[in-house]
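Just below sit the structures, each encoded as C-alpha cells.
Both complexes below contain chain A, partnered by chain B and then by chain C.
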Partner chain A sequence: MIAYKVVMVGDFGVGKTSLVRRFVDNSFSEDYLSTIGVSISKKSLGNSTVMLWDIEGDTEFKPIFKQYLLGAKGFIIVADVTRKNSLESIQKHIELCHSIVSGAPICVALNKSDAPHAISEETIKSLKSLSPSIVEVLKTSAKNGDAVLEIFYMLDKNVSQTIKNRS
Partner chain B sequence: MNAISKLLSQKSNIFYIVFDKDFKTMEFSPTIEEIIHDEIEKGLDVRESMWELVGLEEKILKLIEGDDAIHFPMILKGATYYDLDVETFFSAKGVKLFIAYLIKKNKESLSYVATIKEINKKSLIYETEDKKNQEEQYKLINKRVINFNVDMNGMITSANDAFAYFFDIRRDKILGEHFSNFFKARDSNFNDKETIIFNAVNKNDEIVSFHANIIPIGRDNVIYENIIICQDISSLKEIEKELVFAAGNDSLTGVANRSQLLDKMDEAIIKSKNLNASFSACFIDLENFKLVNSDYGRHAGDMLLKHVAKILSNFVRKNDMVARISGNEFAILFDSISDTQGIGVMLERIKELAIKNPLIYTKDDVIKFTFNISLVSYPKDANNAEKLIKVADKMMCLKKRDS
Partner chain C sequence: MSNSQTNQEENALEEALSPIVDKLINKNYESNKERMTSQIAPLLGSAIREQIKSQKDDVVDALYPVLGNMISRYVTKTLEETLNSINAQIQNGLSYKTLKRKVKAKLKGVSETELLLSENANPNIQAVFLIHKETGVTLSRAHNPNHHVSEPEMLAAMMTAIRSFVNDWVSQDGKDHELGEIDYSGNKIIIEASSYSYLAVIVEGASYNSTYDRIRGVLGDIVSKYGESVKKFDGDLTQFPNAEVYKELSSLLINEEEIHKAKTHPLMYVVPLVFLSWASFSVYKNYLNDALRDKANEVLYKTTQLTSYRLTANAVDGVITLSGEVPFAYHKRLARKLVEKLESANKVDNQIIVAPSLEDPMRISSNIAYLISGLNSQKGVNLTYDYDYETLVVKGEVWDEARKNRVMQVITQAITLKNMQNAVIIKPPELHKSVCFERGSTKLTPSAQSRLIETILLLKRLDESLLINVTSYSDQIGEKKQNKKLSNDRIQNVTNYLREQGDVSNEFVTAVSQSSPEGVNPSLEPQKARCVIISYEKKVNR
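On to the complex of A and B.
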C-alpha cells in the first residue's frame, strides 16, 4: 500500500473543488464557493491512497502559494473550456509545478466539457506537447461525471508505476 | 518537551502531535481528536492521522540538518482554518523528535476568506457572462482590487498592479512610502481592526471609497506586517443611499412617506416622554385634487402634488418634517412648538400658502387649490403615532361634512 500526494492546480473557478467532490463522494453543486487556502481529501484507489490537495485557484491579484505543492507526486492541472484565459494559463501552471517538483507527472483536465465550447483535437495535441511530463489531456465534466474517474486513475497508474520503479 | 507541551496545551487553539524519525506517533494534545479525520494512537504512523504530512517525509527528516521549519498556512478542516508547522526538538532523553502543530486561525482570517470568495464569485460571473468582453471585464475587476502590504509603521512593502494602475504611478515609487500618502482613513492605527473604509483620489481626481480588509501576518503571536485588500465600494455606497432613500421617501414628490413619518413620530413621542413635553403635527388635505385630475388629467395631478410638496418644504423650518401620507394628504410634524398661539399662526400661514401659490399649469391655465387642515397634539389627542393619524383623519371628515 502506498500513500502519496496530488495537488490540483489551476485558475480560480475552473472546477478543481468540483472534480475532487465528484471523484471522492460523487457529488456536484452549481454554487461557487471559492477555495481559500487548501482543503485535503483522502481517497483509496486499489493499491494506493491519494491525498488530494485542493488548493485555492490562481487570480491576478493573488498568485498560488507555492509551498502547497511541496512533496507532491503528481499534479492535475485544471482549465475551464469556456474560459480562454484559463486555457492560456496551463503553460504557466506546468512551469509552477515543475519548479517545485521537477518532472512530476501531470494530467490536464479541460473541465466543464458539458458546456458549449470550441476545443479541437488540434488544441489537445498542442497542449500535450507542452511538456513531456504530461500523461494525458482529457475533457472532463465534474457536472455530469465525464472522464473524472479516468483522469484520476490515469494519474494514479503513472505515479504508482514511478514509485514502484524507484523502490 | 514537557515545557513545550504544557505551553501548547494552555492554548486551546493549538493542537500538536509528536513523532519520531520513523513517523511513529509518540504523544499528542488531548483535544486533537476534534480536528483529525482518523483514529489516533501512540505507536501508529503519524501520517494515518495527519494526512498533511504525506509527501513531506524528506523535508521533515532534513529539519534535523537545520533546514527551515515547515509551514503551511490556511488548511481548511470542517469550517475552521489552521496553520500547520512542523519543527524538530530534542527529547528529555536527547533524541531528536518532531512536532507538528495546527494553530487555529483567528477571526481576521475569516473576514478575509469571505472577501476573497466574493471577489472570485464576481470575477467568474464577469468572465463567463459576457464572452465578448471577457478579457476587459476580468482586467477591470481585478484592477479594482488593490492589494498591498504594510509593515508595522505603515510603510508599504509590496503592492499589486491595481495599486499602480489606480494612482497611475510606477510600482517602485510606491514601495517605502507611507500608505497614508495614498489612502486616507480616519484612524491610521491598524491594530485590532479587521476592516476600515479608505478614501483615495484616483488619477482622474475622483474620490473613490474602498472597503479594506486588514489581515495581520505574523508568527508566534508577533505581528510583523499587514496585508490590506481594498475593494472599490463607491458604486455600492451610491446604491445603498438610493435604497435607504426609496424606503423612506415618496417616489413622486421626494418628501418623506408615511412610514418615515410614523418613525419620526415614534421618536418624537419618546423624546416628549423623557422631557415631559408635547408636540404637534398638522394634516393637510389637498382639496379639489380629484377635480384637477379629472379636468386636466393625471399629469396635472402629479404636478400639483409635486408643487404642494415643494411649497410646504420651503415653508417649514429645518427640523420640521413634511410627508405625503396618502394620495392627496400631506402632513407636517413640527419640531418642538408647543404653545397653541404659535401653532395657530403657523396654520393660518399654511392656509395662505395655498391661496398665494396656485399652480401655473400653462400660460392660460392657473390651477387654484385649497387646504383642509387639522391639528393633533401629543399627548393631548392620542398616545401613539397611528392613533394620532386616525384622530386627524376623523377631524378632517367632520370638517368636510360641515362645509
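On to the complex of A and C.
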C-alpha cells in the first residue's frame, strides 16, 4: 500500500480541474470555475492512493504558491493546445517543480485536443526533451476523455516503481 | 369648474377603477410571480438597510419575537441537554461518586453545580490523525467507534493545504506562524506540529490545558520513537510502523474522565487505607525500636571498656541484637549484661564475635584513631600516635603520671598488639602565678589570695610528686637585710596558705632573690617587683 501526492501545475484556465474531474469522477462541465487556493481529490489506483492537488493556475498577477508543491512525488503539467503562451510556460513550470522537488517525474498534458489546433509531432518531441524527468507528453481532452486515464496511469506507474525500488 | 367638482369626479373614478386594478394586480402577480420577485428582491436589501438606518428600534422590535424565539430556543435546548445530564447525575443519588463530588466541592470551596458543569464539559477526543507534513498523507489514524470520518485522506490533505496556506500567506513579517486549531460548531481540530509530521485532533466540547498537554505528550512520544520512520516516509505505507503508532494515537481517545475514573475505583481507596494504617503502625513500632536501639548503643558507647570496639545494637520488637567483634569473652558478656538491664528489652540476641586478634591493619588503625580521639577529649590528655603494622607508638603529652598510666592502661586493654611503645611525655599545664604584696607588708591581699586559690585548684588536678618552686623577689627599695626578711616572711605566708587552706601536699623549693622578676623594672613598677612567684621545679620529668 502506497500513498503519495501529485500536483497539477499549469497556467490558469488550461483545464487542470477538468482533467482531475474526468479522471476522478469521469465527468465534464463546460462551465469555467476558477480554482481558488487548492482543491484536493483522492483516487485509488490498484495498490496506490493518489492525492491530487489541483492548485490555482499561474497568472501574471498571482504566481503559483510554492508551499503546495512541497512533498509531491510527481507533477502533471498542463497546457492548452489552443493557447500558445500556455505551451511556452511549460519550461518555466518544469523549473518550478524541480526547484521544489528535484528530479521528480513529470507528465505533460496538452489539453483541449478536441478543439482545432496545430501541434506537430516535432513540438511534442521538443517538449519531451526539455527535461530527462519527463515521463510522457500526451495530447489530452478532458471533454471527450482522450488520453486522460493514460497520463495519470503513466505517472502512477513511474512513481510507484520509484517508491518500491527505494524501500 | 370648482374644486369640489374635481374632487367628486376623482372619487367616482377611483371607486369605479379600484376593483379592476386590484384584479389586474392579483392576476399579474399570479402569472408573473417569479418576475415580480426578482424585481423586488434587490430592493428589499436596500429597503431593510435604509429602515435599520433610520428606524433601528422599530426593526429590532419587529424582529425581536422571531429572533428572540430562535435564540432562546437554541439556548434552551443546549441548557436542557446540560441539565438533563446534571439531573441524571443528581438522580444517581448518594452514590460513591456523588459523595466524592460533595467532598471535593467542600474542599475546593466551589459549588457542587460548578463541579458538575465542569464534569459535563469534559473534552472528548473523537479522532486523531498523524499526518505527513509535506505530502499530507495520513500516516496513521485512530477514531472513536461512534465518530466516523468518511474521507480521512481528504481531511488530512485539506488540513495540510490549509496549514501550508496559513503558514505562508499569513506570515508576512518573516516569523514562523503555525496554525493552532480550527473551530467548528462547538468542536475543534487541534493541530500540533513537529518537524516532519503533525497531529490533527478532533475534539468535541471544551478543551483544557490538560488536553493540549496530552496531545503534545503523544506527539513527543511518536517523534522520539518513530521520528526516523516519519522522516524517511516516501509514500510506502507498508514501511511505516502503523500498528505501534496506532497504539500511541489510541491512547488519546481514552476520555480524561475515564482515566480519572479508572484511577479512583472505590477499591482503590481501601488499599491506601489499609496501607495507611499499616504504615502508621509500623512507624509507631519503628519509633519504639529506634528508642530502644539508641539507648542500647549509647550504653555500649559510654562504657569505656567497649568504646573502641564500636559494637552495634539493633532492636526489633524488644529483641536487641548485638553485633561486632571483641578480643575477649569478657567484653561479650559485659555488653550483654549492660543491655539486658535496659527497660523494655525483652531478649538479647548476642551475636558479638570473640576474635582474639583483630588482625586487619586497617581495622586496627581505625580502632586506634577512634580510641585516641576519645581519650583526647579528656582534660590534660593530648595524644598522637604512629601506627605501622604490628607496632604502635603512643606519643603526645599528658599533665601527670596518673593520667599517663591510665591512658596506657586503656590502650593496652583495648588494643592487642605485639609491639607497643610508650613515648608519652608528662607536661603539666603552665603554672606561673605571681603573688604581689604591699610595700613593707607580708600580709596576703584579697587579690593575692585569689591567685593562690587558682593555684590550689590547678595543683589538685595534678600529680602530688611535682616539685613547686616558690621564689620571692624584691623591689630593691630600702635595706637589703630588711628586704630579705620581708621575702622570707612572704614565702612563709604563701606556703602556709597553700598547705593550710589548699591542703597541698607537694614539696616546695623556696628561694629568695635579691633582684626583681624577669622583665620587670623595679623603678617603674615597684608594686610588681614585690612578689612571690609560684612555678614548677624546672625539671619535672621523672
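What to note about this one:
The definition used in the following text is that the second predicted complex is superposed on the first by the 167 of 167 C-alpha atoms of A that agree within 3 Å, B and C clash if a C-alpha of one lies under 4 Å from a C-alpha of the other, contacts with A are read in each partner's own complex, and residues count from 1 in each chain.
Here, a residue touches a chain if its C-beta (ideal position, glycine included) is under 8 Å from a C-beta of that chain, and two chains touch if they have at least 3 such contacts.
Every value quoted in this text rests on a predicted model; they were computed, and no experiment measured them.
In this overlay on chain A, chain B clashes with chain C. In the superposition on chain A, contact of A:163 is made with chain C only, not with chain B. Of the two partner chains, both chain B and chain C are touched by A:70.
In the superposition on chain A, A:85 contacts chain B only, with no contact to chain C. Contact with both chain B and chain C is seen for A:51 once the two complexes are overlaid on the shared chain. Of the two partner chains placed by superposition, only chain B is touched by A:33; chain C is not.
Once the two complexes are overlaid on the shared chain, A:1 sits against chain C while remaining clear of chain B. In the superposed model, A:13 lies in contact with chain B only, and not with chain C.
Steric collision with chain C, judged by C-alpha atoms after aligning on chain A, is confined to one stretch of chain B among 26-34, 116-124, 170-178 or 242-250, namely 26-34. In the superposition on chain A, the residues of chain A contacted by chain B and by chain C overlap at 3-5, 37-38, 40, 42, 51, 65, 67-68, 70-73.
Residues 37, 47, 51-52, 54-59, 70-76, 81, 112-113, 116-117, 119-121, 123-124, 127-128, 134-135, 138-139, 142, 145, 147, 160-162 of chain B are the ones touching chain A in the complex. Here chain A touches chain B in the complex through residues 3-5, 12-13, 32-40, 42, 51, 56-57, 59-62, 65, 67-68, 70-73, 82-85, going by the rule given at the top. Chain contact summary for the complex, chain A toward chain C: residues 1-5, 37-38, 40-42, 48-49, 51, 53, 65-68, 70-73, 159-160, 163-164, 166-167. Interface of chain C with chain A (complex): residues 132-138, 151, 153-154, 157-158, 161, 164-165, 167-169, 234-239.
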